[in-house]
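One structure is given below, represented as structure tokens, and several questions about it will come after.
So that you can tell them apart, the chains are marked A, B and C in the order they are listed, and the count of residues begins at 1 in each.
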Amino acid sequence: MTALRALVRKELASLFGTPTAYLALTMVALVTALIFFDHLRLYNQILFVYASATMGGFATDSIPDYVNLWDSVFFPVMETLGLTLIGVVPLVTMRAFAEERARGTDELILTTHLTPGQIVLAKFGVAYLFVASMMAVSFLYPVMAIEQGGLGLEHLSAVYLGLVLHGIGLASIGLVCSAFTSSQLVAAISAWAIAFLLWDLSWASSFVGERVAEILDALSIQPRYSSFAGGVVSLANVIYFAGIALVSLAAARFSFDLRRVSG
Amino acid sequence: MRALALAGLIALAFGLGSYYATGERTLYATLNLGAGALALAAAALLALRRLRFAAGSHSRRVLLRGLLGVAGALALAIALERAAAWSGWRSDLTFEQSFELAPATRKALAELPRELTATLFHDRFDPRARNTRLLLASLAEAGPVTVRERLLADAPEDVDRFGIAGSNTVVLTLGSRFETVERPLEATLYEALYRLRSRTHGVIGVLRGEGEGDVSSSAELGFSGLAAALATEGYELHSLVTSSLAEVPADIDVVLLLGPRRALLPESIAALERYLERGGRLVAMLEPGAQSGIEPLLARWGIEAPDGVIVDPAAGASSGGDPGVDPIAYNYEAHPLARGLNPDRMTFFAGARPLVPHNVGAGDSVRRVVLASPRSWVSPDLSLLSRRSGRLEPGTAPQDYHTIAAAGRYPRPGGEARIVVFGDSDFASNRYLRALYNLDLALNAVHWAVERESEITLRPKLRTPKQFPLPLENTLRTFHGVGLLVPELLLLAGGLVWLRRRTA
Amino acid sequence: MNGAVASADVDALPLPGRGIAIEAHTLTRRFGERLALDALTLRIERGASFALLGANGAGKTTFIRLVTGALLPTSGSLTVDGISPALRPAEVHARIGFVMETSRLYPEMRVRGFLRFMGGARGLAGAALVRAVDAALARFQLEPVASRLVGNLSKGYQQRVSLAQAFLDDPPLLIVDEPTGGLDPVQRREVQALLRGLRGKCTLLLCTHDLEEARTLATRVGVLHAGRLVAEGEPSELLGGADELALFRASVERAT
């Protein structure tokens, strides 16, 4: 445990001691704020048009159902953020294992009391912590903007949970790609490719039968993530993202064995 | 090997990208995907061959153990996810509880005689389909429902057959029957379910001729909404004209009286009483300040209805009235008719007269059902109903739980008679029927009266999402205060870290 | 580098029972079709200072990676203190300190922070960790640079940092890979003096392609060529005399 604690401390210092982490946090927070503000302003304008048309009242019968705070503002922002994270998270995770392998420091720390399992756990844990803080930072503005309107904080917490799980899933994919290469670029590119592929597998439905298409749909990230954005916390969806993390952990651990065999 | 892997990845990426961009399975996309998959497979095989050549027996054991670990993790993840999906556990945290099905919907789904197919027709990027998808998934979990999706562009024949007018339309198919729902919310789907099942619960005789509420009128104070809801619940509505009512016909399961403005003719009242003595059923909605003529009849059957206005300070002012003159009831006795109603599920009455129930004959059971708050009192001043301002004081009138609705069961030689009386009729009018739980109260009263107590339930509400705006100045303030400030601080922190590293 | 460095008596004999032994028997390792180690049989005695000599690509680093358990052998056996690094790497790691090339450090960490991390990774904590770090800083004369970033140090100081982290928990086996690579002559002499000071305190496995280094630091030398051990003996046997290079070349030619 002493060794594990030392590694976690070192990883945290390494992550938050480099400008890259802050750049990633800044980018996500800024993009979220800008998109959110833009959608909010547009939404207000649409409502104003309807208010003018109904002579000053917000008679909700005249406004289409889909013109509401969730569908017009939150959902587009969450969808965009989901895709933005696919772009950003692999940039943060690409160096986790690949840099150590490139430098040769992985072999150095493997000669200590640290086992490959502990190394994997530490790096994954720190990456997840970073992802959660990235989500918190990016979520701050939407929460403060919406909270004034007195809307459901429970719904917001479901959205945040979805963001965190989505981020954890992406971080897991990024970390496992980093574990199998010594090139950060290859790690990032392969993580992007896998994440984009998994984002929405409905494209395959025209190539395969219905049963296989259903399975592929169950593997896709987007419907699961959208469910959280919709305010529904489903145990199956939580386990889906936890499953990505579990399989990634096992695969990253396996990369150490592979390295010992292949050199 | 690396060259093959690189070529494979590039081919896959371009193949996928082509499909994403055009939405079509072109020769270019297929060839790239196929070539990419082949190249990656070849690279993998080469890597395996190289590995096998280099690895000793111990190495093979280590690799196998590692691969089994990965496979085990994958199997565990899939098994847990499937188990969770099968359990269907989920929590609806939306403000409107949009995805929690109402008990009535669950009941309707549970009673489906066979598999129901719900097909969602939508355009490719219609954002409304997302919520509809979640709603249909909720239905599928609650009953034998198969959910399908089809793009409108791919189903022109279905568009004609089902009369689909636009995107985000759901077609419910039960056997050979179908219902097309253009605005798929839980309430509209529920009504479509009922239309599909088309069960009949009985015949309602609606009295008219003395200024009662008009079930064919869609005006604010009309009762067309109630009529439609009763029809959905499986009732046929027949008109009973009081001026020519000699006897209540035998096929009438329940008589409905909707707030007459003038007193019924004595002959009508007598016919009504004979009907009740034969084991008939009556649902009467009275109005304060209007003498229906049946008050003495009701008194004989144990429900006194003195004229007056219930003033309940627990209810705030509604549009056009004094505070407290329009009671919002949240106290219910434990009565089958009020099943499911509780202090969180309120009912609204626009001006109500008090009722005083008491048992008359042996074996009769006359009970109060819906009560105003314990701070309410009865005022004889009917002008309160039309006054626009003023603070009301009870004076010497006793404050107590005053009865707004009462129900009685009366065993008679011809069968058990049942009477439900409301001190207000406006609560069931078009203007207020969909407010709070008024619809459920009105329909459940009829179900109870005809002894179809299994139909007593709470129905899905036509919830619309919050659509009010956020004031722009607030939004701007938060944008600058948090939206821009946070990234700025982060960037500063990153810059400080960078500078510190440079000078260390 | 400034200042004298501490050193023990260069001719001190190894203390009986100190250090651990390494035994390899027909140890083979392939990379694809390339044979990196070819049936290597070797024994390094407890307490010995053993220099594994060879040109670049001879298999020295491969052997080290097998000893540390970072690689699995294709065939043959290898034990460190009777324990197989392939089967029980964690137990072997508890017994070794590893000095790698200077590029294999964390340039973004400060010296003290790096040593604290490596000490913690070796199971030291609390006061024991602080003591070990302070002792290592003093022993390897790193106090003046303790708060500087490792990446900003000179190569000589980086090598001292590398040595210091290996010795935090006084390991019975010290593996040193190319300790003076890239150093200037002054720095090289100082590092060699440091290593000489460690003789007798543990088993030392030194990998180098520098004949002079092998002669001055080792009690036994093995010559590796194309993955095979082509010569083994006392430094004076193999490397004494005017033309060490010729001897080295001859021994290589004998094997081919």
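One rule holds in what follows: a contact is a pair of C-beta atoms (placed from the backbone, for glycine too) under 8 Å apart; a residue touches a chain by one contact, two chains touch by 3 or more.
Bear in mind that the values here come from a model prediction, so they are computed numbers and not experimental data.
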{"item": "Touch-network distance, subunit A to subunit C, counted in steps", "value": "1"}
{"item": "Closest chain to the centre of mass proxy, which here is the mean CA position", "value": "A"}
{"item": "Reference subunit B; chain at largest CA-centroid distance", "value": "C"}
{"item": "Pair sharing more residue contacts (C-beta pairs) when A-B is set against B-C", "value": "A-B"}
{"item": "Whole-Å separation of chain centres (CA-atom averages), subunit A against subunit C", "value": "44"}
{"item": "Centroid spacing, where centroids are CA-atom means, of subunit A and subunit B in whole angstrom", "value": "34"}
{"item": "Whole-Å gap between the CA centroids of subunit B and subunit C", "value": "75"}
{"item": "Subunit B, residues touching no fewer than two other chains", "value": "50, 54-55, 59, 62, 501"}
{"item": "Touching two or more other chains - residues of subunit A", "value": "17-18, 260-263"}
{"item": "Multi-chain contact sites of subunit C, meaning residues that touch two or more partners", "value": "29, 31, 72, 108"}
{"item": "In the complex, subunit C residues that touch subunit A", "value": "29, 31, 62, 65, 68-72, 89-90, 93-94, 96-98, 100-101, 103-106, 108-109, 113, 116-125"}
{"item": "Residues of subunit C defined as touching subunit B within the complex", "value": "29-33, 72-75, 86-87, 108, 110, 147-149, 152"}
{"item": "Of subunit A, residues touching subunit B in the complex", "value": "16-19, 21-23, 25-27, 29-30, 33-34, 36-37, 40-41, 43-44, 47-48, 58, 60, 63, 65-71, 75-76, 137, 140-141, 144-146, 148-149, 151-152, 154-155, 157-158, 190, 193, 197, 203, 206-207, 218, 223, 226-227, 230-236, 238-240, 242-244, 246-247, 249-251, 253-254, 257-258, 260-263"}
{"item": "In the complex with subunit C, residue positions of subunit A that touch it", "value": "2-3, 5-7, 9-10, 13-14, 17-18, 103-105, 107-115, 259-263"}
{"item": "Parts of subunit B lying in touch with subunit A, wherever the complex brings them together", "value": "9, 12-13, 16, 19-20, 25, 50-51, 54-55, 59, 62-63, 65-67, 69-70, 72-74, 76-78, 80-82, 84-85, 87, 89-95, 98-99, 127-128, 130-131, 133-134, 183, 185, 464-470, 472, 474-475, 478-479, 481-484, 486-487, 490-491, 493-495, 497-498, 501"}
